[in-house]
Amino acid sequence: MIIVMKQVARDEEVLKVEERLTEMGFAPHRIQGTERVVIGAVGAQKIILPTGLEVLPGVEKVVPITAPYKLVSRQAKDTDSIVRVGDVEIGGNEIVFMAGPCAVESEEQLLTIAGMVKASGAQILRGGAFKPRSSPYSFQGLELEGLKMLDLARQETGLKIVTEVLNPQEVELVASYADILQIGARNMQNFALLREAGRSGKPILLKRGLAATFEEWLMAAEYILNENNFQVMLCERGIRTFETSTRNTLDISAIPQAKELSHLPVIVDPCHASGNWRLAAPLSKAAIAAGADGLMIEVHNKPSEALSDGPQSLTPENFDRLIEMVAPIADAVNRTIPQAEIKNSK
Amino acid sequence: MIIVMKQVARDEEVLKVEERLTEMGFAPHRIQGTERVVIGAVGAQKIILPTGLEVLPGVEKVVPITAPYKLVSRQAKDTDSIVRVGDVEIGGNEIVFMAGPCAVESEEQLLTIAGMVKASGAQILRGGAFKPRSSPYSFQGLELEGLKMLDLARQETGLKIVTEVLNPQEVELVASYADILQIGARNMQNFALLREAGRSGKPILLKRGLAATFEEWLMAAEYILNENNFQVMLCERGIRTFETSTRNTLDISAIPQAKELSHLPVIVDPCHASGNWRLAAPLSKAAIAAGADGLMIEVHNKPSEALSDGPQSLTPENFDRLIEMVAPIADAVNRTIPQAEIKNSK
Amino acid sequence: MIIVMKQVARDEEVLKVEERLTEMGFAPHRIQGTERVVIGAVGAQKIILPTGLEVLPGVEKVVPITAPYKLVSRQAKDTDSIVRVGDVEIGGNEIVFMAGPCAVESEEQLLTIAGMVKASGAQILRGGAFKPRSSPYSFQGLELEGLKMLDLARQETGLKIVTEVLNPQEVELVASYADILQIGARNMQNFALLREAGRSGKPILLKRGLAATFEEWLMAAEYILNENNFQVMLCERGIRTFETSTRNTLDISAIPQAKELSHLPVIVDPCHASGNWRLAAPLSKAAIAAGADGLMIEVHNKPSEALSDGPQSLTPENFDRLIEMVAPIADAVNRTIPQAEIKNSK
Amino acid sequence: MIIVMKQVARDEEVLKVEERLTEMGFAPHRIQGTERVVIGAVGAQKIILPTGLEVLPGVEKVVPITAPYKLVSRQAKDTDSIVRVGDVEIGGNEIVFMAGPCAVESEEQLLTIAGMVKASGAQILRGGAFKPRSSPYSFQGLELEGLKMLDLARQETGLKIVTEVLNPQEVELVASYADILQIGARNMQNFALLREAGRSGKPILLKRGLAATFEEWLMAAEYILNENNFQVMLCERGIRTFETSTRNTLDISAIPQAKELSHLPVIVDPCHASGNWRLAAPLSKAAIAAGADGLMIEVHNKPSEALSDGPQSLTPENFDRLIEMVAPIADAVNRTIPQAEIKNSK
């Protein structure tokens, strides 16, 4: 930590800051510049406290040196983490496809889509039973009935299940049906939910908040790891910017940054990022080229009748083509695609 | 709702859209333009459903006509709503001051600050017992002990209490100690929390999310009113933009917009908006000039020792001065300030 | 300047950075932390050079200490600057109103509006002769004819003239007709234009760019002052954010910040900031309450026939009311309004 | 164009709007909804005028139907445009690499780098002779001397030259040395410059402004095409968002969108987008995977001594590796890389 004093700071103000640092367990190192004093504070802190130094007289700013995340960082673990869900490995060499409808709407709808995405190569079925909706008048999901349909789809197809949990009170229930708990973008800083989900011991897919900085996203993951749950996947799904031609702006740079600064796997959701199914394929190719470990894709057999997010859902045929288009990119970055051999032999 | 067809749309595609609209209970009105067809869909909908029209072949875009909020709108109620908390009226002629520390830290700290903000004219004491923090290693609040201290401060000073609730499971507990439940910016779209807080019947202070559009903010309020709780205050606390010289950007335009489109009272939090106590007074003056009904101000007797948000906290002396500076502005817009007469007679 | 070394930096890498600093005329001060080395670089620089230190092996980041602006800063001049345009003072005690149409459209239009805003109390007439338009097919202004009409309006009303200049080649021409040269938001970093406008010796109204940080805005002003032209007014006109309910987001905090960090006068343009004439009055009140020295307001006698920006233009009657509403706010912050006495005696 | 009337609009207000539309040459089509009236305006407009309809009494909003760009759109030309610079084709099957230093610093520097990027496979040399800098105290470029060095580098290496022009007055000069004129991000809406550059007849590389919407970017290109110059390349170089971990946010979605809605080639500049040379390779791979036609890369032989933008410059060795990493991606999307055969045969 560096404390930059004002040009007009008096000597006793500098002394007061040094005193405060010493009280807090730091060793202060004063640098007398030509225009002002700067103080370096040396010392390792286990717990980051507000230092209060910013409001001491004469202090201009406090510059932190150390990143606030610990357990999620490459410093803590320098090999890539692999999240294991049964026989599916996320963060390994094989690209993972999570596909399915935005919302579980009926048994027939879910089983139909599940069968089709399975055939295309998806390893994991996505589908919301509890839906966070901007309007209280929108469809809120089938809740428990939806969870049971997901369970049935797993039994019939062997696909693993990822589904969102919205409320700390429902973590136990959702965890009893799901293989992976999804924390949605709106809940990225719902800390009670992060803790409860962390404690469930289940793998967690953590979506980045619409306006969350890269650092806040890693800190949200830190909440889960701090509950001794290391099975966390980061999911980039677009951030909110001034640009309105897409629903959100996919932050493609977040992928290589996350891979450089953290050991956690990175999943990309091009459908929410763009809000436009036609952009799903090019964004998927870009994501894999940039180093993503998997993709989350909305697939609906009748997008025009979907109860939510139809415009960003692919038909099963388009999903199939998406995988075909992603395959050579995966190959170009030395990653594999599920069942690629079988498909090639068709 | 207006459906804009593509220039290349074929006649059967237009017919298909009209058919779909009829199925959904709308009367379609086709407008044959020189370059393309546009279809107006007539019919009142109680519940807003995804129409799925965007994904029909030939459709370019769907333009909604009606605002999605109902109960919070001026159409639903054309007189200003007044939230009553005992003898304090929020949204009436008198400007309301909510002041106190970011976090409840100790009985002595809270009672000292409470006494001082009371003397300055505040009607409501703010203070966090449950704190949402970006880092799991930061101070998370005194929880139940903090609530008890707030209760004690109320008894000693007669101030009303506003405090944040983070978790649907804790609504009942917090509601048993607080006069007003605060929903924080990070939880603005925590719909389970909105519903549970709504059901408590307590007045709710709803902070705008960092990246929430004006419309999303009103829709979050709609969730609470939809639980038959009309005691809702909107709180503008800055939005996240590219500008980093302030912590957030106070969206001053949101005040007159909220007053025009909604009947709910509007509170402004200049401390979180700017992250800088020196900007609190000018932003408070601006907020009242623009039509805000009240201010939420962080006050700490020892900002440099505060366990959170010290840099944006005012000393009690500065808070006193802030009220003095706001008073003539309030007068200029024909609003009153609490105890202004008594203070003037000092 | 502080150089933060990586945790893994080797000793020779630290030495290399120190060597480089010494070559550049700095005295390096090494601080050996528990986890890493931090180097403070002491020495005053007249000219800010890229240091290249960020790319030396082992360097994590370089943290600048000193603000890059010099001449515009309070350090350079601690009293408020007053821009004088004939007998009009901008930045003094009296609030300045710049009013008129977005574009000069005809002699009749301009003279009608000029007469009316003069009667309402405006001291300065605004009106565009050269218009920057997003589309090449939109009306681009009357150019020289427009300048002549502005000149005529000055003669008839005694109002001072502010008008935009778009091209360095046209500075001389525009300066021969205008009292104040306006640099538009799109040209805030058109450095050739800034230099040429600076050299004209004319007072300059410098609009903030849509995505310009506060610091970049001051640096743009620095370009003008660096041409030995100190007659500069900063104009906040809204920044571009994710919020779409207003055309831009008025950064109200920029006003007190500019007054704290710079000595230059600050003008606010609520019409461009909001894109909505109904918000002009509340935003004007807020701007004056926050410390602005003047307002720039679009006024058109027939907004529905305006060749540009009709929706954000006030009628002369509404402009008159705006001044009446701003007057008590000005009074509350101990500022005066032009001709207030005459109007009160009406 | 669709005109949405207010719920409270009176019949004479609706009639007035229809009358106005008729005057403007539109045929109005009234749709009587259950809650309000909506009017469809039919008629093709050559020139987009402000309609002024928004400010008529009773009008709530006006919704444009037709995109404002004409010449740049796929409707105007449905085959991909290829920009030809001597024997180099941009927008064809071969990926184009534009590489070189941010600023031309000396003959030796430029010739060294030119030789190295040529050897790596670049077809075009980039290098700034006129530099737009936030600070008037920063290095502003070698100007004419720099242009002459670029000319020399072309003669020695056969590379084509792209360099920025800042001022309409300098277009002729720069055009006499450059093969491609670059319009920088800060000048994207410097319309005088766009027109003058357009008239030069030279190929133009048009960088997207930091806060320019996708539509504004295409409209800026429209200015150039409107001067009868169709040799335009769009260059995505990152937009300004709240995220600060990268210098800007690369809008990867802009690539497939530009390819869908326009016929112009798209170049991506990952160095300015990220401000971090370590991200250049993954972002380059993503850009090509998403459909970009070329890359613009900052290369400096001694980044730590660069006079600008060192931290985002690659060494020639890293540039060589970047091309090697991009090659298999290009192959995966059926594009070729320059001299790939020669390099493979090494």
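To keep things simple, chains are lettered A, B, C and D as they appear, and every chain counts its residues starting from 1.
One rule holds in what follows: a residue touches a chain if its C-beta (ideal position, glycine included) is under 8 Å from a C-beta of that chain, and two chains touch if they have at least 3 such contacts.
Values in this document were obtained by computation on a predicted structure and should not be read as measured data.
Trainee: What is the touch distance from chain B to chain C, in steps?
Mentor: 1
Trainee: Comparing centres built from CA atoms, which chain ends up most distant from chain D?
Mentor: It is B.
Trainee: Averaging only over C-alpha atoms, locate the centres of chain A and chain C and give their separation in whole Å.
Mentor: About 39 Å, centre to centre.
Trainee: Between chain A and chain B, what's the gap in Å when you average each chain's C-alpha atoms?
Mentor: The answer is 27 Å.
Trainee: Once you find the CA centre of chain A and the CA centre of chain D, what distance in Å lies between them?
Mentor: 31
Trainee: Hey, what residues on chain B touch two or more of the other chains?
Mentor: 211, 240-242, 244
Trainee: Please output the residues of chain B touching chain D within their complex, sorted ascending.
Mentor: That would be residues 2, 4, 7, 29, 31-36, 38, 40, 42-44, 63, 65-66, 75, 211, 240-242, 244 of chain B.
Trainee: Show me the residue ranges of chain A that touch chain B in the complex, using the header's touch definition.
Mentor: So the residues of chain A in touch with chain B come to 20, 46-50, 52-56, 68, 70, 132-139, 166-169, 186-187, 189-192, 209-211, 216, 219, 222-223, 226, 240, 277, 302-311, 313.
Trainee: For the complex, give me every residue of chain B touching chain C.
Mentor: Against chain C, the touching part of chain B is residues 211, 213-215, 239, 241-246, 249-253, 255-257, 260, 273-274, 278-279, 282-283, 285-291, 328-329, 331-333.
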